[in-house]
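Below is one structure, written out as structure tokens; the observations come after it.
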Amino acid sequence: MKNPQKTIWVKWLGFGVMLWAGILVAQENLDTTTETTTESATESAAPIDVPESAPAEKVEAHESEAVEPTDEELAATSDEATSGFDLDRYEALMAGIAVFVVSVFVGFEVITKVPQTLHTPLMSGSNAISGITIVGAILVVADCMKTDKKIALFLAGIAIALAMVNVVGGFGVTHRMLSMFSSKKKKKAA
Amino acid sequence: MVELNTVIFDILYLLAAVLFIMGIKKMSHPRTAVLGNYLGIFGMLLAAGVSILITLEHKSIENNLMLPIGIIIGAVFIGTMFGAMLFTRVKMTEMPQLVALFNGVGGLASVLVAAASLFAAEPDALHAEVLVAGGLSGLIGAVTFMGSGVAAGKLQELDFFKKQLPIPAIVRHFLNLAMLVACVWCVYAMIGDGNVLLYLLICVLGCVLGYTLTTPIGGADMPVVIALLNSYSGLAASATGFVVDQPVLIISGSLVGASGIILTSLMCKAMNRSLLSVLFGGGMAATYEEDDGVYATVKRTTAEDVALMVDFADRVVFVPGYGMAVAQAQNAVSDLAKMIEDRGATVEYAIHPVAGRMPGHMNVLLAEADVSYEQLRTLEDINPDFDEVDIAIVLGANDVVNPEARKEGTPISGMPILNVDEARQVVVIKRSLSAGYAGIANPLFAAENTSMLFGDGKAAIQDISTALKDL
Amino acid sequence: MKNPQKTIWVKWLGFGVMLWAGILVAQENLDTTTETTTESATESAAPIDVPESAPAEKVEAHESEAVEPTDEELAATSDEATSGFDLDRYEALMAGIAVFVVSVFVGFEVITKVPQTLHTPLMSGSNAISGITIVGAILVVADCMKTDKKIALFLAGIAIALAMVNVVGGFGVTHRMLSMFSSKKKKKAA
Amino acid sequence: MVELNTVIFDILYLLAAVLFIMGIKKMSHPRTAVLGNYLGIFGMLLAAGVSILITLEHKSIENNLMLPIGIIIGAVFIGTMFGAMLFTRVKMTEMPQLVALFNGVGGLASVLVAAASLFAAEPDALHAEVLVAGGLSGLIGAVTFMGSGVAAGKLQELDFFKKQLPIPAIVRHFLNLAMLVACVWCVYAMIGDGNVLLYLLICVLGCVLGYTLTTPIGGADMPVVIALLNSYSGLAASATGFVVDQPVLIISGSLVGASGIILTSLMCKAMNRSLLSVLFGGGMAATYEEDDGVYATVKRTTAEDVALMVDFADRVVFVPGYGMAVAQAQNAVSDLAKMIEDRGATVEYAIHPVAGRMPGHMNVLLAEADVSYEQLRTLEDINPDFDEVDIAIVLGANDVVNPEARKEGTPISGMPILNVDEARQVVVIKRSLSAGYAGIANPLFAAENTSMLFGDGKAAIQDISTALKDL
């Protein structure tokens, strides 16, 4: 308990377990989601034309019949199109997780190089970077317009404003601090 | 069909993420750090600009352009105003609160983005992974929001946040766990029936969790909490990245997450405490038996005597601590230092990694007062030299110079300290003999080579300056 | 020309340009591919049932009509299912590129920390890691079995053997070198 | 439907990639490097094992299990045998060739994997991005394969590879460019009509390119070429990762790519040459006018004299170079060093970053001869100390101690060198007065404090040992 290093591992482990559990849950429920997906796809006038007669049981049966199909098989063939669709989404998710893991490594490497002296600006600077949620906030506006959800639009607006506070305030205060560090450099040179 | 624009936009997003990485890389030296910050700003402008372009090109908007544009511009304007106001007005001593506040704002933004995107999405787009990521984003974001709020309140010493919950610790832990389980169940249920209103429940639970988790932690432990919440706000942004499927959010979020975790671990290490004991340990001073007689041999001194001592010294080291921040004495110190240097002595500053209430707190304050980067010396760097120091002036530092840390069984045992007691003469400037953050007595104050100068830090330093001028 | 740093940037730039060009080419040709995809999808008995009467022109017209639909829109709605399919694949590709970029950063960070003394073992060790192609080689065997391509199977077999030479030889020789470095440590301690 | 197994397998793949990263991180110190290598091995076993499991579970295989299993086991067995044979038999002096060989093998593996996966795929799975990645993999892999082959041949000094192409440089550059364009066209055409046979053309063009690009480069520049090709083999693996859609390949490949690029840049920097001048520059000695009289004042010495000098010295520094590798004198050196140390003097080794023919070449050789890590000193480290060195024994090093580098206008101008000439006495052991890698005369040999001991490196050192024993 006395070793801080250890407790941090515990934390990360906890996060990993949560992620894992999430995946398991997602896994168990994928049938349901696929069902809704195909149903609504039928509603919209898309080129994909799922036979409406196909009952949910059939989809499931079809799935359990295909005993553990692997990545390769599914990617190579599209004779199980619903599966193919899920697989591509799954691959994007997996790639996202890979991005996350690798970025954490980058983060650890670059941040351990920041000297103690600059830890307060680092804190506020990384804080400002977490304002990157502004991207999500802006992108969601279009979705809101599309489905015409006024509350969502309102929430998105507030989110943009909050993220912007974070960004402007964070970078601004970081700049203020950092220019203090470099100002007397210049004075010295002068 | 994937449009060429989409490809270009995605590459620009990736470029923004790369700019963030390079920005933090440039933070590894004060000389390049300003540039690093600019890279970060540029990356953010790029990312936000691309997002706006994507939105403008959106089919559903072409019919009704005014509303979304108005909202975006309005929100950006309001946000910028508030942000600019905060960062230009804040005093450097209020930095910890400000960072906590920004943290909380960031967490809330994550909550709202996930909410908006879940509510706005058509039911068939609510895949399981989106819901899981959304749930994570909401939970972590809400905890960050509320936790940061409490932390900021405690640091600002608002009375409201000093109250303790009238619930025994074990029950509290159990309730927290129950809330966490409830959140997991909510996500599960959302996946089952696609009812996104459960998301609201998650947010509420997250807020309550954020409150119950942070309230019992002492105000002085807030810096650790803030760094941890900083990490959380990054993770929330990462989770949001999974919701809106943008690698740039995932990358930037995990950068922030890593930064927070590293700072947390660093603070814990420098205090020789474990993160768990900070978060769940409660008051630490309770078990420690104090010796009443420690302060029997304390000697007082006056500003004039200190000035005389300084006049004869060849090497003076300032040891600033939290008290310097409270007294806002950094400029006075820097002025005094210049006077001493003009008289031919060398002046250095010994900076303990956790002096003050933030990592690097003292460095920022002294940099504000135009102290040169080269004069700031780290613990490892200056500790071997203390026996060659003529006068160590301890200004509002307490725990970081407490020799009790070398003994077993005290709350700060094992914490590396500045070996101020090895200096030829020690002057300690503080208002009273009261304890510091760790709440324990400091035998240094009663040591043979120590004399105390009681008073507010800034006033005391100015008095010394005046006395020195008159010599 | 004298600055090696500069030429390396040139190299990376070149690589980036190639990648970019590849994406552009892919972009221009996506219609064609989609066409073949949907065609063969029709052949196999999949739930996706593209109306066979839809001529290629119509698909194209449909596309140019949808003036620059964005990520969000496409992700949110599946009323253009062929596009949706492409989009998921595209997102996986983009995430892959993100993984690549971030990994390059990790690589630079961790490798610049390796001291000069260990550069030869680093070279052979990283060489061994490039034997990771063995994963691709093994995975491809199943595909070969499926489509019953004997030549491909043969190539895969050779690839496995070659990658294995790389792996075993690389790690082996690295271990030999590294144990030289540490051996006298132990002797000294003894 | 995504199976639970797939999820587990993918997470294990990611774990393998993380193990590679951690393995390289552990390479940052000799003490942990062995462990790092084990982590790499473990990651590879994990990745390969998961791949085999995935294959075994494959539906299409259940009917005909023997063939694929037979192929996999057979191929793994053969590969392991060859690999083990190579790595156990190779002499440490042949390391550069071996690394080149492994590089080439890795490149060829990438080519074949991409080929197999393109040929085996059903036409509708041949998406544009797969074809682009496959083309890249084939091209880069083929260039790596052929280029590494040429490099290995040149390093082994096989006559075949010494021949130059009878084509003027400008035409060659043009042809190379044309081939590159042809490759791009092939990919374009493949995307158009899905005819994967064009892939063969790409491979052939890649091989030709690999040959024409590396053949004109001098044998001594091969180390740079090998490091660059190392980087390429990583990029080829990355491209293969896009073909088979596995992040583990992308991550590992880019690690290797980064490693190769860093080593390349390091070598170029230490030689003060640009990468372009190495790759396209041709012979560099041509423009340099040599002074005939440099060697007028060369003094010879004998092993006995050197032994006498050493006997009186307090601080002896060995400066090994490529000649030590050629003569395989490392064990003799280490024995002599031990004798000198037993007589009370200190012995160090000054290692130039590009001494020998690989980065870190000398370190490996000396480590093989049980020289302690602490005695190996880097250029920056030892250069300020040379004026306190009694005897510097230069063994088969030439360019890295050539004072001409400090002048303008020589082929090695600006290359940082070991300041051996500042030592009190210098002994240079080599077989003749002939030039080293850069092909220029070395005024150090004729300096006042230098004496030459002509002969094979190993024999000369052994002679000194014998003489020292007899004193």
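A, B, C and D label the chains in the order they appear, each numbered from 1.
FYI, contacts are C-beta pairs under 8 Å (C-beta built on N, C-alpha and C of every residue); 3 or more make two chains touch, one makes a residue touch a chain.
What you see is a predicted model; the values in this text were computed from it and never measured.
> Decide which interface, A-B or A-D, involves more C-beta pairs in contact, and give its chain pair.
A-B
> Subunit A to subunit D: how many Å between their CA centres?
Measuring from centre to centre gives 40 Å for this pair.
> What's the distance between the Cα centroids of subunit C and subunit D, rounded to whole Å?
Spacing between the chain centres: roughly 25 Å.
> Just how far, in Å, is the C-alpha centre of subunit C from the one of subunit A?
One centre to the other, that is 21 Å.
> Residues touching two or more other chains, restricted to subunit D: which are they?
21, 54-55, 58, 60, 120-122, 124, 244-245, 247, 250-251
> Would you mind listing the residues of subunit C that make contact with two or more other chains?
23, 27, 30, 37, 40-41, 70-73, 76-78, 80, 82, 89, 91-92, 95-96, 98-99, 102-103, 105-106, 110, 139-140, 142-143, 146-147
> If I apply the definition of touch given earlier, which pairs of chains qualify?
Every touching chain pair, ordered by label, is A-B, A-C, A-D, B-C, C-D.
> Report the residues of subunit B in contact with subunit C in the complex, numbered from low to high.
Answer in residue numbers: 1-7, 9-11, 14, 17-18, 21, 54-55, 57-60, 120-122, 124-125, 244-245, 247, 250-251.
> Taking the touch rule as given, give the residues of subunit C at its contact with subunit B in the complex, in rising order.
Going by the criterion above, the answer is residues 20, 23-24, 27, 30-31, 34, 63, 66-73, 75-78, 80, 82-83, 86-87, 90-91, 94-95, 97-98, 101-102, 105.
> For subunit C, which residues count as touching subunit A in their complex?
That would be residues 37-38, 40-41, 44-51, 54, 70-73, 76-82, 84-85, 88-89, 91-92, 95-96, 98-99, 102-103, 105-106, 109-110, 139-140, 142-143, 146-147 of subunit C.
> Sort out for me which residues of subunit C touch subunit D in the complex.
1-8, 10-12, 15, 18, 21-23, 25-27, 29-30, 32-33, 36-37, 39-41, 89, 92-93, 96, 99-100, 103-104, 106-108, 110-147, 149, 151-153, 155-185, 187-188
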